[in-house]
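Same chain, two partners: chain A is paired with chain B first, then with chain C.
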Partner chain A sequence: MSISSSSLARLAVPLLSLSLLLAMLMSLRIGTYPVPTLTVARVVLAWLLPAGMAPASDWSEAEWVAVTIIRLPRVLLVCLAGAGLGLAGAALQGMMRNPLVGPDIVGISAGAAFGGILAILLDFSGPAMLAAAFAGGMVALALAWTLSRLGRGGGVLPLVLGGIIVAAFFTALNGLLQYVADPDSKLPAMVYWLIGSFAAASIDKLVLVAPPIVLAGGLLLALRWRVNLLSLGELDAASLGIRVERLRWLIIALVAMIVAAQVSASGMVGWVGLVVPHFTRMLVGPDHRRLLPASALFGALFLLMMDDVARTLASQELPIGVLTAVVGTPVFAFLYWRLQARGWNND
Partner chain B sequence: MRLILTSVALAVLCLVRTGEAQTPPPQDQRGRDVSVAAPAQRVVTFNSVLWLYLTLERGAGPIAGASASTVRTVSTGLLDRAFPSAAAIPTDVSVDGFFVPNVEAILRRAPDAVFQWVGRNDPAYLEPLDRAGLPVVALRQTRDERDYFSTARLIGAVSGRSARAEALIDDYRDSYARLDHHVQAGLQATKGRRQRVLYLWKWRPLIPIDGKNFFGTLLERAGGVNVAAQLARPERVSMEKILLWDPEVVVLFCCDRTTPSDLYQDPMWRPVSAVRNRRVYKVPSGGSRFADLVEGPLYSRWLTELLFPELPSTLRGDLRQTFQQVYGLDLDDDTLDHTLHMKVNSVSAGYDRFSRSLTQESLRP
Partner chain C sequence: MTRDAIAFTGLGHAYRRDEWIFRGYHGRLAKGRIMAVLGPNGCGKTTLLRLLLGIAAPTEGQVTIEGKAAFVPQLFQVGFDYSVLDMVLMGRAAKVALLAQPSRRDEEAALAALDRVGMADFASRPFHHLSGGQRQMVIFARALVSAPEIMILDEPSSALDLRNQAVILERMAMLAHHDGLSVLFTTHHPHHALSVADDVLLMLRPDHAVSGPVADILTEDNLRQLYGVPLKLLGFEHEGRPHRTLAPVLTPEVILERGRS
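Moving on to the complex of A and B:
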């Protein structure tokens, strides 16, 4: 019995949702501190249910802290970041009709990274650091936008080129900040942050970055049928009543918001927004009404699995940004080869 | 017979002279001969050797340049009182303010010796100096007390203060002999049980003092067990690892902004024994980060008194006497409170034993 591609496309979102839920539960089990699976389940139930319905608390305080304060915020933050990056990548690729673009193309990641390591240099922490990274991302977007307006003709290509310039500029500034940082106290934190990690995940971070990611992600999902029209081409979209330029800018701003929030919480995590939409497109096809929610779910699942590997592969936690790059590049090369043969729209 | 005796005497004399002529020059810590005509008139320092050089030299006179980070440590700590002129030491010898040398600035000063790290980013830190033909004295990061002694002797040889270096080494050994005696007494009271101690070098990210770090050795010598001894290098650990170690005492690096209250207020730390029993302490800052030949024994004394509360507290007296003997400084109570971080540590259990009203005088001779 074989499943047709249309059935697979219909089942993809529920299946991905179920897989993500199972992966989240499995991830709550993973950690250095030993917590039995049953205890993990009971702690999670106690955390979720009202006091009257919660199971009796026969766990130690360390087990409670390990599950609810260390692992749960991390799992939620990873899922949120992965979903945001997957969604942002799919929306951008659809909008630009180009499978080689990722959500960090307009220099937002480099700008947010600059804000973050500047915050480390200045001893900012918590919300101040998040705000600095977010501001850095927004400044980068503004600069890229300004550069794109200097050229004639407008459109997206000048923005992409402006983004490359801005990213190079902020990458240079990042190098300068690392150069002047105290090699004993500041530099390790900067380097670790630049290569991405969710090790410092907390409820506070989750509360800070969830609103921009959920808001921007929700709006992108709401725009999914318009992205379909954009992916037909500029003229077709305009003839169907879409105000193309305005919609493009809106999508870019929403993507920027997601990326800046993600970078501010966990440093630079590359390749997710580039690879995930490709994989998802193989599952559900090019229709953005399915592709966007499926990319969000698959992005969350992919990043969660990467984070689990990062936590367990070695005695010392590996930076997730390195892992996503190591896994993402060969996968992307393979997908690129496959899709070259068929055409990226799969049609 | 006389001829034979004369020949023997001449032969012995020749041997003695040959022996004198062959006295090897001191070697730096990468095994190269140090051929500096002591006392050096101009030296440049990049690492923590600055404060020991000042201590042996009793002044900043020959220091022609030093990295900004080490000058800052001196000028913002207790050593500033002993060596106020150190704040004016030129810092342009380093291009990044730390360990990357500015070779032209160093060449301009024509130093007799340049003290630099070896085994630590050598291509950036050491090689430019070697290529320029500068008289480098290479020092590695301290692994054990033999490195302390070797460093002190090297500085002594270069500065012509060998006798003073030996005196400091003797003081160091005497201090630890007394401390060992007290630690044994403390361990007898606890039936040999040593408490689990975590020395947190950085709080965010979590980086403990590892098993190879000399601070870890001093921690063990103070009567504790380094919970991170299994780590072979400074590396980031997860919070779950710390829950697993469950240290009974946590000590925080002296010279950053982390305080015991940060850990007490962090819900992740709530189950850790040291936090439950409010036994998190910030290491005093002293003049040289409570480390090295002069302050290393004070750090161990401080920790021993925290680990064994039944022992008499002599730390304030020891601090006073050490700074008086080594630097000629009279430390008042306010200064001692500041260097012991009395304010930020007041929220922790038993720290009042270091308060000005409760401590005994030093037992140092």
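Moving on to the complex of A and C:
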């Protein structure tokens, strides 16, 4: 019996949803000012429900602030970013039929990072910085698209090569910006931002970043069966009546929206979009109708756990981008070895 | 006069300027008939099918296709181990809206198509665990599930053993003569054309193809020109009925002679 039809595959989405809810509650609980779980639940209910239906307020002002002002925006932002990266990675790996593809493949992360550190250099802050990072990601996408159009015959390879060129170009520009930045006032902020962190999460940031991630993520979820079709390859998908090129670019544009929004909010967070789809494929099988929602949930869960470790492991917060890479690389090596005979068919 | 399911005139395709794969090809597939396309390796048979299916645009010439066409590609690998049912379901792509998922009805249609090719018991099995012949049947079912009027098959019997070749030929004959579909297939086996096709297109040279009824076109001369190997048309009786088949004259002596020259 195939793993995709096993009961584990059917239960994966409800189980992952439940795990994510519990992890969110736990994440709201932990920190330098611990709040009891029951109080966390009551505060969240009071925050969510209208005044008349909310539970009686038997919590302290400090507990209310810790949960709703400091931790809740961060937890929601982390979940949103993790879900977006998991979803984007699963869609890209399926579409490109390549297990080594991650959401940063078309240079979007590097472009968004360039926008972000340029904003730091120019003293932009808040929405202006988010907009700059988002714009950088979109410019990178446009460049990768233009380069891929120059290649003969279309297909995935020119796109990947275009992405590698664009990523290398923006990485070089990022180095240049750091070189010219003031080493005392600007450089530390740039470096810290580049290695990724959710420490500066706020409701304002969440409000800015949520619409593109929710919109693009929702559309990607709606397109999940089409990813199955694209995974057959260009000729076969076209023979089934699919407009391959158009669909492929639609998916890439949606991935770009997610990644640019994520990078603009939290800097570079690598490996999530690469590792999460592999692990999820082991749970639910290769059908993207199940894989995409499960990858979104598992991405949120994984990044939330990483963020919890980042903010509680040491007295000073660790950069989450470093943590996801430290955990992601060995996990990826192990998964890839295990997956030889599972989700990816090598015969 | 019977109407054409597919007609092409002055058809030509070039990858680069003046590097023609073929040029000036004419042909027609009448409704409800079977046409075999024969040509040596690399002559552009798959490219011709792409042009007929509208997946690629011809460099010159015209293709007219009347009715919905479905395609059965050559045996291929799938990157993911989808189930057999998932594979057949993909044949419904044109009937499912862009942002929608296949419905229960689509699944029922996929199961019915699998049943039609005798593969219903394999629905939940991983596609890549099947044998070559079984995979070809699943891809056959995937084409059927879109309810086509024209079936285009790219070397459907290549890489199959004799038993499975016979099954594929039976299916094609049933599609045309029982279900009324128009069928066009490419093949490297001239005797398959003789077995099931009504018409044949021989891609003799990049600038010259001949087509017409099998009896007129599938001659020893034409086939020798096509493959550069002598072939004999043999008539014989089997179980009281007359039969014709084609055999390459490749006896050990002939092979040695060809090797020396």
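The rule is simple: the second predicted complex is superposed on the first by the 335 of 347 C-alpha atoms of A that agree within 3 Å, B and C clash if a C-alpha of one lies under 4 Å from a C-alpha of the other, contacts with A are read in each partner's own complex, and residues count from 1 in each chain.
Rule of thumb we're sticking to: a residue touches a chain if its C-beta (ideal position, glycine included) is under 8 Å from a C-beta of that chain, and two chains touch if they have at least 3 such contacts.
Small disclaimer: the values here were computed from a predicted structure and weren't measured.
Visitor: Return first, second, both or neither, reflecting whether A:Leu240 touches chain B, chain C, both chains, or no partner chain.
Guide: In the superposed model, A:Leu240 contacts chain C only, not chain B.
Visitor: In the superposed arrangement, does A:Pro50 touch chain B (first), chain C (second), both or neither?
Guide: neither
Visitor: Identify the partner contact of A:Pro286: answer first if only chain B is touched, second if only chain C is, both if each is, neither if none is.
Guide: In the superposition, A:Pro286 touches chain C alone.
Visitor: Just to be sure I read the superposition right, which of the two partners does A:Ser125 touch: chain B = first, chain C = second, or both, or neither?
Guide: In the superposition, A:Ser125 touches chain B alone.
Visitor: With the two structures laid over each other on chain A, which partner does A:Pro183 touch: chain B (first), chain C (second), both, or neither?
Guide: In the superposed model, A:Pro183 contacts chain B only, not chain C.
Visitor: Using the touch definition from the top, say if A:Leu223 reaches chain B (first), chain C (second), both or neither.
Guide: Second partner only, chain C.
Visitor: Which residues would you name on chain A as touching chain B in one complex and chain C in the other?
Guide: After superposing on chain A, no chain A residue contacts both chain B and chain C.
Visitor: Which bits of chain A are touching chain C when the two form their complex?
Guide: Touch residues, chain A against chain C: 1-2, 4-5, 94, 97, 219, 222-226, 228-229, 231-233, 235-236, 238-242, 285-287, 289, 342-345, 347.
Visitor: Using the touch definition from the top, list the residues of chain B that touch chain A in their complex.
Guide: 69, 96-99, 121, 202, 204-205, 207, 234-241, 243-244, 246, 256-257, 267-268, 270-271
Visitor: Would you tell me which residues of chain C are touching chain A in their complex?
Guide: Touching chain A: residues 50, 53, 55, 70-71, 73, 76-83, 86, 90-91, 93-94, 96, 98-102, 124-126, 128, 146 of chain C.
Visitor: For chain A, which residues count as touching chain B in their complex?
Guide: Touching chain B: residues 31-34, 60-62, 64-66, 69-70, 123, 125, 179-180, 182-183, 185, 188-189, 192, 199-200, 202, 311, 316-317 of chain A.
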